[in-house]
């Protein structure tokens, strides 16, 4: 059972947490904590032995800790997600496979695509796919349709698995730190469109992928995972695209695992990740 | 200031440690702890704000923890080492450079070589070099001479920086978990002599290096750091040797940093490393 | 269009090849060649502009080169494969996804499992799955059934995508350098069964995966691709298994791409891979 | 013996080169060539058996190839370099060590520092160090002094081993593609000053280093080698600086080896590197 805590730092926090656990006879299996000294913030993630009364433990911790403390005992153990896609199959397929074999750490409730290309693969895995085209619509109409479609689905996170549209601040604000994107570059290099093309022209020797939470600023949200792989002069743009897909897929799924296991904290546009 | 603790696991250990700290008003800056569930062992490393009375804190912790607990408050902050070498310069030079610029985390007290090849580089850095040849001597005589020479030097660790001789169990027993070796393979692949030659003949696509504590069994001691780098069909044995030097150097220095910062625990022939 | 050449080395081979190309007005887009000086062997892979008369070019090259030369102009451009599996889904799924989206570089003709676990995923992708149990059969009967089942399928390579049975020398001899296996360790470390369990007990800091051609000797065939990823003291055996799946999948698919693109040559139980 | 060739691509170039070699009975040990199809450029690097008459071979190749061809037979086998530094020791020390043990592939003729900090380490290796302060001088005066001081030294390359000053276009133009810099970021991320500070504030999960040729545009020259290493939320700016030094050192020395072995070609602000 997981417990996550985030609050202003002060002397004795670990003792306070640990003595609540000791009081209830709960064994701490692992505890990772981190103090951001510059920011004066405290973050902790505990794995404890199962304990029946979650509410009682939650309240006891809340009482023992500063009033600003965000405490979650056993945060949603059965995460649900929706996935937004365009045409590229690699990230979605990887998610669908893990979803199918129950190793994703979350359940895919639905997939939304602004093209129909990926309907078939979803169908093969019995996952609902909704085509919502952006064509001939302004952004707010398009996003309104997405929201309306999702109204029937409960979900904890929205995953942009190569969804090649920029979402409006309004839309993003509806899902604070719940939208996870995979960007096909080593951010902050090549923010925005066509990163592989620009990487090619710059003659880089590594290409990258970045999984991050989405915020108002394009490609500026808190980074969760980054990966790079070597390329060389023989790589055309399309070779880079092809090679990049491998790390886009693996960076995204790694980030999702961290998030779904409640290992990721966000503060000040950065993440604390207890690997 | 660092505190390291190793003991049998039981409920409430973190609380016990943390409340000792709280009692003395000591702020815990970072705390990493790990419970090996199979072995029922608890390991912790804390960085705390400086506290004047080390002995008092040590005693308080010792009293609060199980009687088997190994507790070290502020373990030797100024480590001293000796280095044993044969002819290859790369690991030793890296150590000497960092020693010279005071970024090694320890002081090199002396270097012993069974050949004179590396005397000159030591001299350039004003580090004592002693040539002790193994030739025409049985192992115990050779090792006796090394020990005798070291009798005048206080040191916390002995680093085998490409020392191409096997030490006797007797010698090793004199320095329990104090001898650190760099082996030029990804152990347990290619235990023993000529790993690159054997890697070449096997046609591997990666070569490795392993930094480990030395125990009685050749190349079987607790592993601290391992690294690999790609090779391909164009690599001759000597190309592998050359490429391997880079990771031998970096794996060894990484392991040394971990050890010198008291981040490494040994239990059951394995290491816990709080990176 | 690809041309691959393998023969004893001698002065002027490149000139001989290049002048054949020049004679037919064929532009060489890329040429990679390698001389194994110890073995006196020459390997080359050319990408040339499409040329109509493959047989003519093949004959011209054969005539221009030493009589022992293996020359293939435009080797089977549409590879077909069969896949053998047991129960683990990760490598097979990755192959099925790429097969489905036509980015594998080969077509999966059929999948054979010694359990029925993976029948369903094959069915979802319209790929024939045949269950052939090994239970209650001696190896030769079991293998005979596999061969019989495959008699109706034409294929260039057999992929062991976590097929947890050892094949007999007889069976292997029927498909020389056509069987590709993924072994879940960094060979030659942890040859044979339970590599992750042994890796755990050894306390390694990296785990690996090896894609190789299958030969008579267990896990001793020519290596095509190897990968490693970091692990630490917090990894249980099952954590290693889980982490290892990621590199098993990626090492296998990388090896398959190399093989399907005719970039891999075998000589003396080693591979030459023109990446 | 090395031969490098760079020219406009056309059909039959490999044949032309190879037949010149065959005519002189020169065996080609390895040949790497690359055609940049977009740019219509041909690049080749050959390792041939030693041949006495370099001028004859050079002329024969020049005659056999297009008139624009840059051909170098046995390009300067004994490279000489100068190194420019400020205060950081890690890159310079690595260069000095390799220089001392004759594994750098070039000879360090002199080191110039705009502070005296690294005079001592140069002295220890008997390498001339010249302090040329930039303080109280305009850039052209400062650079003039450097040039004047170097007038007595013959060198093939100038290495900026953490030389924290921007050189003027005039200065750079005097040494076209002869100045190699190590930049402490994964370019084009964090161009310019204080990359680690900016990486820290962005919350990246990898930091990088880039070795590149210096051109007029700051940090925009042709990239030779890039490396990245993982960081996490626990890294302060100074932790990043410390970790970054390891890859700055290794990226720079790797780039230097490529350059000194004549494996690097520059075209259109990008490099072709025959690893």
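Each chain gets a letter, A, B, C and D, in the order it is written, and its residues are counted from 1.
Here is the rule we go by: a residue touches a chain if its C-beta (ideal position, glycine included) is under 8 Å from a C-beta of that chain, and two chains touch if they have at least 3 such contacts.
Quick caveat: nothing in here was measured; it's all calculated off a predicted structure.
Touching chain B and chain C together: A, D. Interface residue usage between chain C and chain D, two copies of one sequence, is largely shared: over half of the residue numbers at the contact are used by both copies. Chain C has its Cα centroid 35 Å from the Cα centroid of chain A. Looking at chain A, one finds that residues 30, 34, 234 touch two or more other chains. Of all the residues in chain B, the ones that touch chain C in their complex are 34, 36, 38, 186-190, 202-206, 208, 222-228, 232-234, 236, 269-273, 275.
Interface of chain C with chain D (complex): residues 11-19, 21-22, 25-35, 37. The touching residues of chain C, when paired with chain A in their complex, are 30, 89-90, 93-94, 97, 100-101, 103, 121, 124-125, 234, 242, 246, 250.
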